[in-house]
Amino acid sequence: MTARIVHDNYGKSRVRLLKVDRRTERHEIQNLTINIALEGDFDAIHTEGDNSLCLPTDTMKNTVYALAGQKQEVEPVEVFGGRLAAHFLKNNEQVSRVVIDLVEHGWKRMKFDGDEHDHSFVRGSNEKRIAKIAATRDGVTVESGVEDLIVLKTTRSAFVGFIKDEYTTLPEATERIFSTAIKAVWRYTSADEASDDVFSSIRKTILKVFAEHDSLSVQHTLYAMGEAVLNEFPEVDEVAFSLPNIHCLPIDMTKFGQQNDNRIFVPTDEPHGLIEARLAR
Amino acid sequence: MTARIVHDNYGKSRVRLLKVDRRTERHEIQNLTINIALEGDFDAIHTEGDNSLCLPTDTMKNTVYALAGQKQEVEPVEVFGGRLAAHFLKNNEQVSRVVIDLVEHGWKRMKFDGDEHDHSFVRGSNEKRIAKIAATRDGVTVESGVEDLIVLKTTRSAFVGFIKDEYTTLPEATERIFSTAIKAVWRYTSADEASDDVFSSIRKTILKVFAEHDSLSVQHTLYAMGEAVLNEFPEVDEVAFSLPNIHCLPIDMTKFGQQNDNRIFVPTDEPHGLIEARLAR
Amino acid sequence: MTARIVHDNYGKSRVRLLKVDRRTERHEIQNLTINIALEGDFDAIHTEGDNSLCLPTDTMKNTVYALAGQKQEVEPVEVFGGRLAAHFLKNNEQVSRVVIDLVEHGWKRMKFDGDEHDHSFVRGSNEKRIAKIAATRDGVTVESGVEDLIVLKTTRSAFVGFIKDEYTTLPEATERIFSTAIKAVWRYTSADEASDDVFSSIRKTILKVFAEHDSLSVQHTLYAMGEAVLNEFPEVDEVAFSLPNIHCLPIDMTKFGQQNDNRIFVPTDEPHGLIEARLAR
Amino acid sequence: MTARIVHDNYGKSRVRLLKVDRRTERHEIQNLTINIALEGDFDAIHTEGDNSLCLPTDTMKNTVYALAGQKQEVEPVEVFGGRLAAHFLKNNEQVSRVVIDLVEHGWKRMKFDGDEHDHSFVRGSNEKRIAKIAATRDGVTVESGVEDLIVLKTTRSAFVGFIKDEYTTLPEATERIFSTAIKAVWRYTSADEASDDVFSSIRKTILKVFAEHDSLSVQHTLYAMGEAVLNEFPEVDEVAFSLPNIHCLPIDMTKFGQQNDNRIFVPTDEPHGLIEARLAR
């Protein structure tokens, strides 16, 4: 008996890059982590140990550095990812599909007395700008998004009217803390629509809805955020959210001779609710 | 405009459980982390903030503890996960699909002078036994597997004959360290086939092939492991592997006045190759 | 034989707190993680299992919440830590020394079109404001600082003129990336000197020296930062730094047919240099 | 004003090593992570940027590989650490003190049908064997120990008779789960006393006391473990423990219509008690 390969892919993960644009005294930096995965005609690698159609993952890593070096300027992640995908497709006939996942880590320019510094930077939050480029010889799909965008609001969040059964102990809450680590990924109608400006605008729309929405559940706010993105950005045709509920549990202060007035909480990591949905027009 | 919900699910993640069987003086323990995700008729939760069909994730957590308490004995993860899935389907008409992910953390009984201790345990490795139960009103699919099963062999691994291009710097290697963190997940032909015995036998088959195979690439050994599982276990109809290549890079000892004799390596976490495939009959 | 207790301490670690000041519509939040350690007359707990002088660590946790609730306003970490230390000393005769370690996690108020939002926040960077209060019946020592303040400069850093021996392979570098995760802790001349303003000013001084210094080594810049703190802040009598060297290794681009022009780097976590010093007047 | 250096040290951290002994077909492996820190005459490095007495941390890393390569056999960590310390002292007059911290990661030989495999290994638990070598020109101190040795017992642990105050909510427990991650470090009376055999025997003594002790508190068992080590091992003159209390909280099953019979627990990571003591003769 010979086993059948239903699906396979291989590549290099966690390729780290720091690129500096030194063309002027005001340096720019870009800090990425990149995963590359190839699909294609790899059966003989598996079944025969024949590597004649195997591009080593080490070469994929080198290709990241070589292609980054070809451009002096810092490119949007979607553009750099697109160049990488095109390179692998063009130079490897055996490859039918390339997926490039990029994570951009934020750095902020230092500022002293209102002046931005030319060459010194402070690491930003753990929030990540992410992009996924999936390319075949028939076309390219580009998704962009944010991950680990941690937010919290201290009012305008409730959770009532839910199912009660024999195992229910959760009280209804008309006023609760709402905190989550937003992962949002949107797909562009075409690869050309991706840009730094659209990214920033979508991110801002999501934050604004989070802040202003009268939330009746995590699902309710998720939907409102997604609807706003689809309403305001015709260049997006689908948006997906993954929202862990970072529960901030109110401490029962009556045990300590105080009133419960919704001021003292213990934030917890586990267990946590996880709410996910994908929305389209 | 109203956005359309393409897909959604919600549930509780990272529910931790320690269960003790105290029926005899020789105690048994089971230590699990469980994720629960429900799919169903949840549109009104999203669009109206109407929670009347919303089972709170807090109740899901309570249900884990309640159902665990109903049985004195330690159950195989697949059995406990199956009971959980059945409970949510039975008691929630609005739910169409339940996915239960279980991770079992290993503990070993302490042993002194050959005698196993009745009630004291040492934590095992980070290797995890995992199971996924996906249940609808039409049927149940059970997958089992291992994760973070870290292995290493010091010989009988090579990587030669690969593509060379303008960015290749990797030398061919006829003798290299092969180390990986095996994630393997197999699907049973029917939910009833899952058992502790079959789990242990499949795990052993995978390890044995890893140890004995004359590896010409990670893919080559992946395929051999998968083929062996499908050959030996008719109760399995599909098996998938995800194998990060934990590169152990040989140090160039000639810089230090010594020979390169393949004895001194630096193990690295990043970047790493990642080889994945799904095999079936 | 009875063993002698040379030193002991016990307490509660990783007590998490989220406090909300709701006195006006513009809410303030404070997010802390707190470790408490007590020293004192605990010999009988160890040797006899006599807990009559043992304050449970669970009660320490409760005390954090009770004392936080007593004040409507958000206090500087040093003030809150001082209240906790004083409480444990006052109410527990058997305790001779209390050490409170506090970590404050940064949150930034959301801002839309220039307007700060009343009740919505975004998590800041992983940079932590830290404080350590060590109190006995004879006095209180207060140390404050920053941890995981990750910085990077793209020029004005060199490392030349070092020792060469039989195992040297590092080339001299007149122009290198300098990146580190600053941990700096300073001790105040008296507990009353600690304040949010002094904290911010010292942090700014450290960043400014990092940005402007013509660095000849990590040690050289460490010393310059410490000297500036001691020169500018008479309320500080000692400052200590722990600076991991986050090596950003230049890629050899000549292998890819390009020039080495100091633009493409791989940032690494391990191995890393670690430079530490404590400076005083 | 010039700042005074109260203390300083520098070195390389997280140097990873995999060493293979290939002298017979039955290969041996050793997997270490090593931190090196030097103290000495480094003032000019800090104050002048004069690196003429600075041994680069990159060279320290190379020295680890060079010295590891000099021996075909796998050495006990204390022996290898001692060689490293002696090398740095001998070749660097400006260095007055060397501290080498070594962590050994466990690997188990694979075994099939009772036969140990010659060249294939499975990663053991996260338990680490640790050693610290502190050497000056006047002598060498060797400490050895274990870290992250996670243990759990399901009976023979109680906590009663403790202080009750206004913030107490913890009930007394005559039967509780006791779980901790043992960190134990012992100092040998002389560097020559360290060996693999003594290490294994001390580790076994600690585990046996943990398993057999009728624990009235974590402190009570800590002391019993330390006393046993000092009683049984004259080659040890001091032993220190750091024991986080991995609380396993009993679930209130009465809420779910069941009895509370001490079988269902939620293990937690935070907050956690932390009990520490250093014992000597």
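Letters A, B, C and D mark the chains in the order given here, with residues in each chain numbered from 1 onward.
Rule of thumb we're sticking to: a contact is a pair of C-beta atoms (placed from the backbone, for glycine too) under 8 Å apart; a residue touches a chain by one contact, two chains touch by 3 or more.
On a predicted model such as this, the values are computed, not experimentally measured, just so you know.
Colleague: Of all the other chains, whose mean CA position lies farthest from chain B?
Modeller: Here the answer is chain C, farthest from chain B.
Colleague: Pick out whichever of the two, B-C or C-D, is joined by more C-beta pairs in contact.
Modeller: Of the two interfaces, C-D and B-C, more C-beta pairs touch across C-D.
Colleague: Please compute the C-alpha centroid of chain B, do the same for chain D, then give the distance between them in whole Å.
Modeller: Spacing between the chain centres: roughly 29 Å.
Colleague: Centre to centre, by mean C-alpha position, how many angstrom separate chain C and chain D?
Modeller: 24
Colleague: Distance from the CA centroid of chain B to that of chain C, rounded to the nearest Å?
Modeller: Comparing mean C-alpha positions, chain C is 37 Å from chain B.
Colleague: Going through chain A residue by residue, note those that touch at least 2 other chains and give them in order.
Modeller: Only 16, 62, 66, 166-167, 169, 255-257 qualify.
Colleague: Which residues, counting only chain C, touch chain D once they are in their complex?
Modeller: 1-16, 35, 37, 42, 45-59, 61-63, 66, 91-92, 159-163, 165-170, 215-220, 222-223, 226-227, 230-231, 238, 244-245, 269-281
Colleague: Using the touch rule from the top, collect the residues of chain B that touch chain D in their complex.
Modeller: 16-22, 27, 29, 31, 62, 65-66, 68-70, 72, 107, 110, 112, 117, 119-127, 149-156, 177, 204, 207-208, 210-211, 248, 251, 253, 255-258, 261-268
Colleague: Considering only the defined contacts, which chain A positions touch chain D in the complex?
Modeller: Going through chain A, the ones touching chain D are 166-167, 169, 255-257.
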